[in-house]
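Two complexes come next, and they have one chain in common, chain A, joined by chain B in the first and chain C in the second.
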Partner chain A sequence: MIRLLLLLSLAGALGAQEITSKRLIEADREPHNWLTYARTYNAWRYSPLDKINRSNIQRLAPVWSFQTGDVEGGLQCTPLVADGVMYISTSWNRVYAIDAATGRKLWHYIYEKPKNLGVPFGPWNRGLALGYGLVFMGTLDNHLVALDAKTGREVWNVAIEDLAQCGCNITGAPLVVKDKVIVGVTGGEMAHRGYINAFDAKTGRHVWRFWTIPGPGEPGHETWEGDSWKFGGASTWMTGSYDPESNLVFWGVGNPAADFYGDDRKGANLYTDSVVALDADTGKLKWYYQQIPHDVWDWDSAYESVLLDLEHKGQKRKLLLNVNKGGYVFVVDRTDGKFVSAWPLVQNLNWIQGIDEQGRLIGRNEPALGKSSFICPSVGGGRSWNHGAYSPKTGWFYTTGIEWCQTVVPQKEEKVEGKQIMGGQFEFKPPPSGEAGGHLGAYDPITGKRHWIYRSKYPLLASALATGGDLVFTGDPEGEFFALDAATGKKLWSFMTGSGHRGSPVTYAVNGRQYIATPSGWGSALAGLLPQIWPEAEYFPSGSVIFAFALSEP
Partner chain B sequence: MRRSLILASGALLWAQAPTVKLEDPAVISKGSNIFGARCGIGYCHGKEGRAGRGPRLAGRKLDKTYLFTTISNGTGNSAMPAFKAQLSTDEIWSVVAYILSLSGEGAGPAASPASPPAPAAPAKPADPNSGDPEAGRALFFDASNPKNCAACHRFQGRGADVGPDLTAAFSRPPREILRDIIEPGSRLAVESITVVTKSGERITGLEKQETPEFLRLYDTSALPPVLRTIYKDQIEKVTPERHSPMPSDYGRVFTRKQLLDLVSFLKSISLAPGELE
Partner chain C sequence: MIRLLLLLSLAGALGAQEITSKRLIEADREPHNWLTYARTYNAWRYSPLDKINRSNIQRLAPVWSFQTGDVEGGLQCTPLVADGVMYISTSWNRVYAIDAATGRKLWHYIYEKPKNLGVPFGPWNRGLALGYGLVFMGTLDNHLVALDAKTGREVWNVAIEDLAQCGCNITGAPLVVKDKVIVGVTGGEMAHRGYINAFDAKTGRHVWRFWTIPGPGEPGHETWEGDSWKFGGASTWMTGSYDPESNLVFWGVGNPAADFYGDDRKGANLYTDSVVALDADTGKLKWYYQQIPHDVWDWDSAYESVLLDLEHKGQKRKLLLNVNKGGYVFVVDRTDGKFVSAWPLVQNLNWIQGIDEQGRLIGRNEPALGKSSFICPSVGGGRSWNHGAYSPKTGWFYTTGIEWCQTVVPQKEEKVEGKQIMGGQFEFKPPPSGEAGGHLGAYDPITGKRHWIYRSKYPLLASALATGGDLVFTGDPEGEFFALDAATGKKLWSFMTGSGHRGSPVTYAVNGRQYIATPSGWGSALAGLLPQIWPEAEYFPSGSVIFAFALSEP
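Our next item is the complex of A and B:
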């Protein structure tokens, strides 16, 4: 292991090799790197690096920090690390390349945004993609850009659709698959029709588009009433996964618009609240699994799709786990999309009574037009988008969850193409019994059996990182970054970074030395909504900094 | 920043005396309804202005002129849109009245929001020999067609900046507009160029910018066009092409009716009925 690391870092010093499709597919063979959004295509957010572990974590100390200066909206990215260089994206689409061992800036790129850009969701960006000597980023005005990884110079830039027209843009990280860059869009609260696009990585030329709402003549179109399909949202605002064996890309699709009022879009509203499996070369639909037919709660399925090969009821299964915003975790067979199991991640959950053996929702509690309904969890989600992690060492899925509720009053709103259409107003409330708060737990991915739970005063809104050192890292809204024992959930270490955590920590190695790096910087739509339950959260300081940690000398 | 706000609002003061009575409960109630549908929704200012992604408005002492200006004109580089095109002056003032009522000093929030009535769709005349501007608009912005006009052209602030902005196209004769759509090469306003790079890549399209360091051009071989930045040290040669960067097959991909629809849409700003005939 150590020899391999040394060899690889030597290769890095001699000049980084281009990141090819092969390297991305075999990313797990490069423990010192974090080459894609979730490190590996299976979305595990797990690194086998184990030099930092339970026995020595007390010696984990900060070694550098990198201030971006763009504090609006916080820092929400997943840093990528390739052969000793870290790449990060910040609010307003700025990109920095940083020496991953020293924190020194190598180059920066400032996206030339249109003047007086009206940003529909917020100025943040959640990550980049690497490949073929290029760095890819989606932008606030719905462009996709490619930069030279060595210099930060723009190589190509393509406008996908005018923001003024669709009300949609890109905050999620693209995914490089083979010779293409695949990217989704925001817009679940906008009167528009969602899609996923693939572009040629080298030239930027458009290759395929998958509409997440079927058009006239396409199967599933009948699940929309009248012309509601044109304005049905179905955004694709997070990053998908890829299975090289089946050549399928798995992407989560968001809620139908309007969020809380669905009487004028009667039907199941495909492919909202679904995971779609697409042929990576053509974008053709292989299968879909819809978790929430005819959603009236804003329960996106847009979060990560974790790919797991596990034994279930005596059979080896190829599975896909997806956390729904409504607080249920769904597991399906990723070869055909058939339902396997669903389990609740949170205690406070009243929008349904349960889910049956076939995956059907039982006892829907739909808010009625013009009336105030008390719904748990809140529209902030039983979990926010911040990702879970899977450790093959324990076989457990580590994810946060949030205990909170809301009142919601659905209302009928005028549909204007590209304009916001929520179909109601909500206000966050504490649960009727017990306190509002967050937690990070360790779960059996198929049954949801909980092995431990770590509770926090405020919702945990940063992603989890699992390591070969049997550690799970995440951070909280007050700025504490901490490590838990992956086996017991016991808190082993913490460090106050000074601003809340809303991004995704990573680990990597340079010259054989393991680092843990985390974005710190409070912000986001949800951060702005927390004061509805916790008034003091209005004064949580924003920030935008990368902290890197390593073991101090004994 | 503070100074510029004051200056801006000062300069506009003459036009901004409230047009409604800000303390009138009926006005506050009307403002509450508009706020509920437009401002309190989603991730914006929150129910009754209590909190959201946008700033909290409840319990704050806010200046009425500042509120009116911000609601009317929006805030640049933020999620706050300009409402002056969507709301009348009276409506904006009633929203101001409602927000002022949330300060905690006057009366509390008024009645809960009601659903705004859905506008009735206007009936369209069906004449097979004339273009339908609404159908033309739909075609112009049809995102499901990769070759939609808005992939390259802007119209009234929407679309892309690759080709000319077509908002002012109405001033030209309809036949000329039609010819430019179906035979873009007939009036060669702009020629394509081809850049061959030292790595052997050929990129044909529309030049956007040239500096001493680099050349930027829109690769129009696939739509939407891709803006490429090629540094001079990577360029082998640049050659002009004798054709327009605009696709030349719209006369085949669009029907006669669709072309008429497009022309009447582009002319619709000042189009008199029957002008195309």
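Our next item is the complex of A and C:
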């Protein structure tokens, strides 16, 4: 008990300063911390820390590991770090606070999951949010909980919607904006109507809800045939960005349901496959940009929205870059949602022939009902959700991409509220010419001009991290965690962690020492599909470990 | 497929030389390898490798990790290393071959366990044996299997006894001796008659069985009252030693059943709590030494038998040191089993007052039927099975010990063949004076003179490793893996692996580079009992990772 108290007081001392809205807005001024999902509201996943750099990375070695034991479903989180304390979430909604310098556990929180929890896909969780002395997590039964950051004690716990009713849950990290916690929901493959919710951070009181499918009488409702709007998916399963200047939250919206069969939901199906810009205080829609009207390929726009202030055609522009699951990257003006550019992330892409200068899709290749179509990329995505990183030093966007295809057979399925409705069957296939595989590239964010590409045998399904040390980190499905030269893509360093990478690496500092930390733990629905192309992937070892690296003494 | 073939041929190249009986007998001449459970037949757990030593250990850092994902029950194995290939076993009888320099998996083997497998305690496995191109493992359903060392393919698989019948299984590592594989069995808490079996290594043909309880007409049968010999336990759950000179195998035998209630089995209960010396070719008993006649405390003698050639009282002696679970270390002459010395490993020990110069127990403190007695150490042991190490450089034996006690209430229970029969209930308690805790000490093997002691808050439940670099390695239940100065016990280095240590670290070399490797993964029956004294131990994280360490470049 004495020891427990000591640990608690240590946790208190380490994470002593409250994380305010001001700190979150100015998160970039705290290079030693990683306070929010993508470190900064602009979703860059970049840290200016540069003590670990190209000249000394050969001395990078593990300094501690933290094993969670929660190996089911992969370790998919982004660790958060605040003033020497690391916070991670694992499968089954467990949360751990760890001394970020030593790897010693400070506290843990085990969510008491309801009995007979019917989880649509798997038990993973992708991350937490911090603010006001609390740690926020969405749960597998669609609750939002707030924990005391110093003790792990549950402070509040609010139910959003009954899992049995909606077939949806929360796996994405919440986003704290000002005095609110904003959180999305899964359910893109379910007969469900999606939404984004905001709660008062201190009390858990519900503040606003934005329905990602307009209801009767609302603009856009006419883009859904009949009652299809009630069951159209439009999930919001990842984490949005925030622009304090305009007070807008940008959130990506997933595919319409049924995924591959669209005849029951004729119309553009707003706001599926769109980025929506919402007023952070009210949740009111400011603008939207729909990348793919009437999606019949299961191409979510739910991934990160990277906020960039760049010069384009001689003008300073406030831009938003969003990676679509279909393998195209869309860039829009984030003040009004107007199209700027789109560029393909993968070579194997045949669901359209191209995108015109107004952002319109050219030559849609829609799979026909009951027939087998060969579509590239596969429904696993031209990229999975794992995030890219933007370095202001190079001005380049670093992101993974996957070369693979599939056969898909659309089917009409019975629609039952809260039940899965994929609208077809698929099977992953290698591309017709060349090998299936993954890559990580460095791209001009507006034009997509590729500066270099690092190719890997298997899809890279972990996020990228870019640092001021001119390094880009990510990991592979076999367990290798590695660093590339941000300028050339040359592999400079690697460490075999022994289980595949599916989460998001971060960097931080404690007492002036820079650390790189990565989750390592293979799993996820997509990981389970890899054997369709690579049979040996069935036996990639699972695991659940955080590795922290630092420079060994010279 | 091409990759698979490459891996297989790599495995073939790495582990190319067949492991013969000659190589096993002369295992000490291969400093780069760890060919058998304790590296050498004398159970020293010592390697002469000295490139990692007191002067440079600050540069020791992880170079790879291997996650097994098999987190249930703890990672309890001793990794074996043969010519660049590491072989490990995990819970549920999985086997992995790993490139010992890079941590890349070469092959895996998943034992197809029978449905409805009723495992008496847990799914762990403590290790493998190598020989003749094969990898040997005992299974949870009491089979012995042989795998092709180059591919992991099952070559033979023999059933020993039906688990449902015996309530016993195999968790200990087999021992290859000459052309045979010798293996023990669990079942000390079961109404079962124990044995040791030998099989032909190449074919799996059964060669001999030694019953650890003498049958009718055999010497020692009279030490069991009535039919108690049929159900007396006498398990052989750990791994023995071998002396090529005398061709004797030395194997420790566990407690009699029922553990705490002995009135149904009056007599000395041979060969429980004994070390038996068997002819390796025939399994015939050469001698035995019973440490504890008629045990009523559950004090196994099943732990390691360390073979030592030492001068004692002016004479060169061939000795055998065996650590009894009751906290006493017994030393006998290994040519005839005659008592030489005994010394206590722990301070808190009240089940006897002492041991006289003939090895007789003085002042037995037997718990009384139906009454609560306070006994030290606890049934967890003055030490658990995790092994000590002997360094020929210092001449000292390094072993852990535990200071803890228990209340125990003996009870008469119904005896049902193959079912558990503990004969009482226990609850762990701190010692009456002073704190419960663990330690690792350096002892004169014959006199028990303590040269130093390193104390730890929690019991140390991992084996010790002694090296030519004058280092002693072990790990703690919270996940710290550390090295002590073999001469002084000073802690020189540590690394937090993030899950507790319950297995056995080893050292080896590939291409001239020395590695230290340790299993890290908390679990086991005993781990589950720690919260009786340390409530926080309920939340020590589980895991299952091999960490390999080497010196970073200077």
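Quick note on the criterion: the second predicted complex is superposed on the first by the 539 of 554 C-alpha atoms of A that agree within 3 Å, B and C clash if a C-alpha of one lies under 4 Å from a C-alpha of the other, contacts with A are read in each partner's own complex, and residues count from 1 in each chain.
Everything below uses one rule, namely that a contact is a pair of C-beta atoms (placed from the backbone, for glycine too) under 8 Å apart; a residue touches a chain by one contact, two chains touch by 3 or more.
None of the values given here were measured: they were computed from a predicted structure.
J.: Which partner does A:311 reach: the first (chain B), the second (chain C), both, or neither?
T.: In the superposition, A:311 touches no partner, neither chain B nor chain C.
J.: By residue count, is chain A touched more by chain B or by chain C?
T.: If we count touched residues of chain A for both partners, the winner is B.
J.: Does chain B (first) or chain C (second) touch A:203, or do both, or does neither?
T.: Touch status of A:203: first partner only.
J.: Same chain A residues contacting chain B and chain C, which ones?
T.: none
J.: Across the complex, what residues on chain A touch chain B?
T.: The contact residues of chain A facing chain B are 113, 115-122, 153-162, 164-166, 189, 193, 203-206, 209, 211, 215, 259, 369-370, 407, 409, 411-414, 420, 422, 424-427, 524-525, 528-529, 531-532, 538.
J.: Which residues, counting only chain C, touch chain A once they are in their complex?
T.: So the residues of chain C in touch with chain A come to 3-4, 58-59, 61-69, 71, 102-105, 108, 457, 478-479, 495-499, 520-522, 536, 539, 541-547, 552-553.
J.: Note which residues of chain B are touching chain A in the complex, please.
T.: Interface residues on chain B, with respect to chain A: 36-37, 40-44, 46-48, 50-54, 56, 74, 76-81, 112-116, 118-119, 141, 143-144, 146, 150-151, 154, 157-160, 162, 201, 203, 219, 221-229, 231.
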